[in-house]
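Below are two complexes that have chain A in common, paired first with chain B and then with chain C.
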Partner chain A sequence: MNVQLISPLEPSDPFLAELARLESRLPATEPPWLRAVRRRALARFGERGFPGRRDEDWKYTDVSTIAERPLRVALPGVGPLGTGAAGIEAGRIEAGEWRYAGLECVELVFVNGHCVSTSADINYFYDRGALPERTTLAPLAAMLSNAPPMLRSSIQRMADAPPDAFAALNAAFTADGAYLAVPDGVALDVPVHLVFLSAPGDGPVASFPRIYIHLGKEARASVIESYIGMDAQENLTCAVTEIIAAAGARCDHYRVQREHPRSYHVGRLSVSQARDSEVTSFSIACGARLSRQDIAVRLEGEGASVALHGLYVGEGRRHVDHHTRIDHLLPHTNSEEHYKGVLDGRSRGVFNGTVVVHPDAQKSEAHQSNHNLLLSGEAEIDTKPELQIHADDVICSHGASVGRLDPDALFYLCSRGIEAPVARAILTQAFIDEVLARLPIAALRLGLARDLGSAETSAELLSALI
Partner chain B sequence: MLAVHDLEVRIAGKPILKGIDLEVGSGEVHAIMGPNASGKSTLAHVLAGREGYEVTAGGVTFDGEDLLALSPEERAHRGVFLAFQYPVAIPGVNNAYFLKAALNAGRKYRGLAELDAIEFLNLVKEKLKLVHLDEALLKRAVNEGFSGGEKKRNEVFQMAVLEPRLAILDETDSGLDIDALKLVAEGVNRLRDGQRSFVVVTHYQRLLSYVVPDRVHVLSGGRIVRSGGRELALDLDAHGYDWVKVAAA
Partner chain C sequence: MVQSVQMKETPQSVESLVNRDYAAGFFTEIETDTVPPGLSEEVIRLISRKKEEPEWLCEWRLAAYRHWLTMQEPRWATVEHPAIDYQAISYYSAPKAKTDGPKSLSEVDPKLLETYEKLGIPLREREMLAGVAVDAVFDSVSVATTFKGTLAKAGVIFCSFSEAVRHHPDLVRQYLGSVVPVTDNFYATLNSAVFTDGSFCYIPKGVRCPLELSTYFRINAAKTGQFERTLIVADAGSYVSYLEGCTAPMRDENQLHAAVVELVALEDARIKYSTVQNWYPGDENGKGGIYNFVTKRGECRGARSWISWTQVETGSAITWKYPSCILKGDCSRGEFYSVALTRHYQQADTGTKMIHLGRDTTSTIISKGISAGRGRNAYRGLVRIGKGAANARNYTQCDSLLLGSRCSAHTFPYIEVKNASAEVGHEATTTRISDDQLFYCRQRGIAMEDAVNLIVNGFCKAVFKELPMEFAVEAQRLLGVSLEGAIG
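So, the complex of A and B:
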């Protein structure tokens, strides 16, 4: 790998100064290699800068509002227990307003990217048996001084070959996040819920959490990442998650983005899958002023399969962008992808789903769909399926649609006495519920249905009685 | 109850109804018969408030109120119900949830307390028996994957739950085999209580053997060309529509 050590950033560059400010607050136990990695990542960022419209992958998503404002990195220790203007009152952390009713889980809470759960909090889950003994769940910051080789190489890889500018920034500025390693043959009985609260600082701050999930052979785990805006206007969250699934492992990953309507959110999920592993991802985006989610999956072992499900909800002037890329590298690999979007007001959605079936990936199957519902004349969607097939014995399909509420269905509902706005809501919810219905965790499904004002909850409760 | 006077309706500028007069009293059953494209379904849709129809003359009152000025849901609240010729499948909308929303919207309008889930289920389970539908239907999406017969019975079932004052059946008999037709007719007959009125739109006489009308009107070329008692339906069955077209000419 070409490791260029010369930084094109001027020594006076504000990003370098910001890095120095961050590092002055980090523990002295941070190893020298990590400090070097941060500078290399910043150099990579400096080479490219923020993406512009000329960049095909960012053609529809203008990040100049992020690029033009000063970057102020959220520092550790300025959490709910800290003093000053920053943070959230401890009471709100205790109350846990983000929790899904009835969801039994292992919870780690972060404020502006830094973990506020203590080792005692985590030990509680080990003591109860919710976390098996040989499984490691820890704040990333606690893992860095003596990083396992896999984690170290992952961090170095993201810094030296960042897939985009935001990944480079994350590699440069990340100081915390979550580390989960599940050994061979171990299954977690309850999901791990990583809660990222975006809190007001003494001005908008940027947080860069990094999540590393490693599942050994035949290991199983479910991980929920929730990104919640708490009165935090104009914060930036730039998160990177990596999932490495060894042979026969199974990971269900849920990402719920409910940032403050005036904030910015850029997230990346990078997945590598070995033989016969199964990964399911749900990406729900219903917050932020501007959000971008990138998912890159590499099916690197025969029989590996992935399912990507997504739902984005736009209102007001929200911009919500999903870019996914699935690489089928070996035979008998399967992927399916189903994204739906509901766009109201003057919101704009972007969906770009790339599937690459490489020459060696014979007998593979890839299916993709993206369906969009426009509720207003001013809402917009750009949907682009991109299938690149370099093998001849494969089954691939894709379908995209953009539509409005069915006037016949609306008339049918209204003719039964249902008020027109309610009828529109019922039909919109039905569109959304199709995605929610695929969520295997009932508490999460009901919680999201409630958050999205969906009919699912009442319909499900009614069904339970019949 | 329902008074249609000199109603003229166009679709995309084309005249479809050319002056309809119809009076339906409380508890009466009126059959509207006629050949294809005579305007029968247009009349049914205009009464229920479907968009896309331009009323160019005349009007409709329901208990003295201008029906055409009301939205479809307002008409439903007043007690107008349309059993669709082609009930719309609505994927993802649970039948029970939909019907509970509809029933409670009507109750709210009438100032009645909304039914909770248990009260609602007790009510609908009774009504399902009326049309011999299985409770499993409640869990399914509205009309999705329903057979033709199930769709029509579902319409009558909804009518039974919503208890309209005026029910308009738009070719509810079309596409039904004789057994399904009898089930639908039985359901309708059990809703006849001397107060509730019906407008039965049909092409064929056979439904009227089971749902016996007080009056029969023949619609042809956008006009009612003949009205009479139930024997008119039998004459039509025996002689076909050409007979009235000639008679009207």
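So, the complex of A and C:
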């Protein structure tokens, strides 16, 4: 589509006013192209508006509660380390209650989408050697005034052809996030942990972090994104992550969403992979009132492979939605996808996994599974594993199941003197464990198991299981 | 397996058969009693008047038409076709005088006869299928009469839809549109407005229909036209097996077919509905062919009722159909078995919906898609377990077989579960015939074509075994004939 054809938004448009309010707080060094891109993205958003239930991709997820409330973008510098407005006390950031015990990592902390780690904090990791010299890790805001061409084109692409309304909003309102570039042949020894804290500002706010990860040839990196709600009320987090893996690169990406039970979370992960690259993604969603995670992977080089793992836990009135799409564009590409969900209370889970094997992608292999456990009569799951195959010499399979805890297994445990609630907890834990067991970082695995374990599971039983 | 071994064609005849033009071809002629093309309330009133229908049915049609005007063609299926001009279709034509067809079988294209030979179609039926202009075949009339007697003795009502409207208006009024409402979807609503005829079947309480209605149907098959309406009601404790269509290629002048089939199963009733569809699929360049946009739905209304759909879809340029079951009665059961084959430029978007509403309801879905050439095959299904459907069970398996590098196979299974005691499982695979399988057969001395046949028939076995026996045999042969030359 031609960018010129977009009709400008009405000057009275509240989103435009919000953008002006945001930009008045951004540094004047921001290049003019970026301001133009933001307006284009907003116009794109204006064209389609928020998705409705008639959009096939949003059939089961109603975002009207997000659409109906006024949007207030979180401004930089407002919060614990800035003007001292309502938020988290600095002490809690120092304490780092979100940290995983024993996890050695490079940490960058954000409050409502804006980086609060200083350059001194980052230099500390360089000095210790946790970050190799030629690697760039920086807050996105610091990269924008003199953006590398790849970053610039990525920002422009997301603004001009946003995959959905939320990506358009992110492109319009993002002012900060993380930038990680690992040069050819360099491997990061420790994972990069990006911590996004959601804190109440002056009422509910919306934050739009943007994460850009570029791995050069044969480079290696692990990135953990944690989204943590800190007493935040009805905040909205709308995050976009892009991973570009050059030939032979390897990236492990972990996304842990533990937002406040009353907040909203919409996230997107776009991955493009060159020849022989390997990407593994874990998406753990166990927070927020309503969350939606989109993962789109493009296997653009022969021999590229991707593995997507996911776990979603619903309780209360939570709505948790995962949409994934894997495009096999060239021959000899492989994908694995395994998602599991546990739904309790009146929660609702949505899973939609699409695998597309394009006409030239012969000798591709794709396997997908989605298993769901319903623990309560009020919980609901809507799942759709989808295969679109345009080549014949492929091996593709998918499976989906919905069920409850096996009554025989429960009976067995109870007959061995284990109380019913504990027995249920053990079986649920075992179900979840299949996903957690695949996490290669032990500290993360243990931390998550502890967070996800129910009160009935005693520490001894837990440790016996893991 | 036996069938495939029996088929011994030389490669030349295989080639020629696959590349043959559709033997009966298409032709149009001007009918004297045809309403001019176009659709309006006037046309609908005219259809209703010509069919001497009661006022309520005319109003019912008009209500459907008015709603249809507000609807849009569905766009979600993975099928592509040029826009259909609904005003260019003639919605009514009187039964044709059969003077235009070939006079005897000797005038029919030998290739078509060859196909009939392979399928083992009885001679009488060949004449009928080829559209031979015979006034009344003595044998078939007498056979039909015998069948009519048997059915009447059992109390089974089986007649054309117009006859049913005349003779059993209460039954028709009670059940028509009760499963597929007039507002259901674009094509069903169009059908509700303009349907011209179809079949009506009522099995009284406790009666096991003495015949496979298929048998009768094949002998008695009248041209039912492009907007066909079928309504089958199985009263408490009854059983009926119904077969629609025929394995032999059928001659048909209408490009758009929008049929509606409604099944109602009351307490303890069982309905088995089998379809073999082999309409003109278009030529090897994708020109022409039937658009088959059908709405089929059954409702298990009573406790322990059972509806089973079996379909073998090899014809039509585009197939768009989702035979569904609404499992309302407690302990009711729905089944769906499907083989869909697409080759050349054929497109099929088919599947089922299993809506579990009652307690202890179960459903099974077995779908086998075969794509060859540039064929496109999509399974689109929905399994919905409602809040009250305690202990519901569903098992779904949908497999795709790809023959050729330019075909495609898609799977879109929707699973919606609102009850924790449900158990739902879905499995799907997509593969091609492996070289190992072929090699194994070849080194045992089985010819390539036969080996492919063997493997494909094995792939479809779970579905074929659900067909009434004689049709299972025919369906197997049909698949073999359809696949000739697909591997190369």
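Some notes on this structure:
Criterion: the second predicted complex is superposed on the first by the 444 of 466 C-alpha atoms of A that agree within 3 Å, B and C clash if a C-alpha of one lies under 4 Å from a C-alpha of the other, contacts with A are read in each partner's own complex, and residues count from 1 in each chain.
Here, a residue touches a chain if its C-beta (ideal position, glycine included) is under 8 Å from a C-beta of that chain, and two chains touch if they have at least 3 such contacts.
Quick caveat, the model's predicted, so the values are computed rather than measured.
Of the two partner chains, chain B is the only one touched by A:C414; chain C is not.
Looking at the shared chain after the overlay, A:A391 reaches chain C, while chain B stays out of its contact range. Looking at the shared chain after the overlay, A:W33 reaches neither chain B nor chain C.
Of the two partner chains placed by the overlay, only chain C lies in contact with A:G403; chain B stays clear of it.
By the touch criterion defined above, A:E434 lies against chain B but remains apart from chain C after alignment on the C-alpha atoms of chain A. By the touch criterion defined above, A:I426 reaches chain B but does not reach chain C. Every residue of chain A that touches chain C in the complex is listed here, in rising order: 56, 60, 359, 362, 372, 374-377, 379-404. Considering their complex, residues 406-409, 411-420, 422-423, 426-427, 429-431, 433-434, 455, 458-459, 461-463, 465-466 of chain A touch chain B. Chain B contributes residues 48-51, 71-73, 75-77, 81-82, 84, 87-88, 90-94, 96-103, 105-106, 109, 117-118, 120-121, 135, 138-139, 141-142, 158, 162 to its touches with chain A in the complex. Within the complex, the chain C residues that touch chain A are 76, 78, 385, 400, 402-432.
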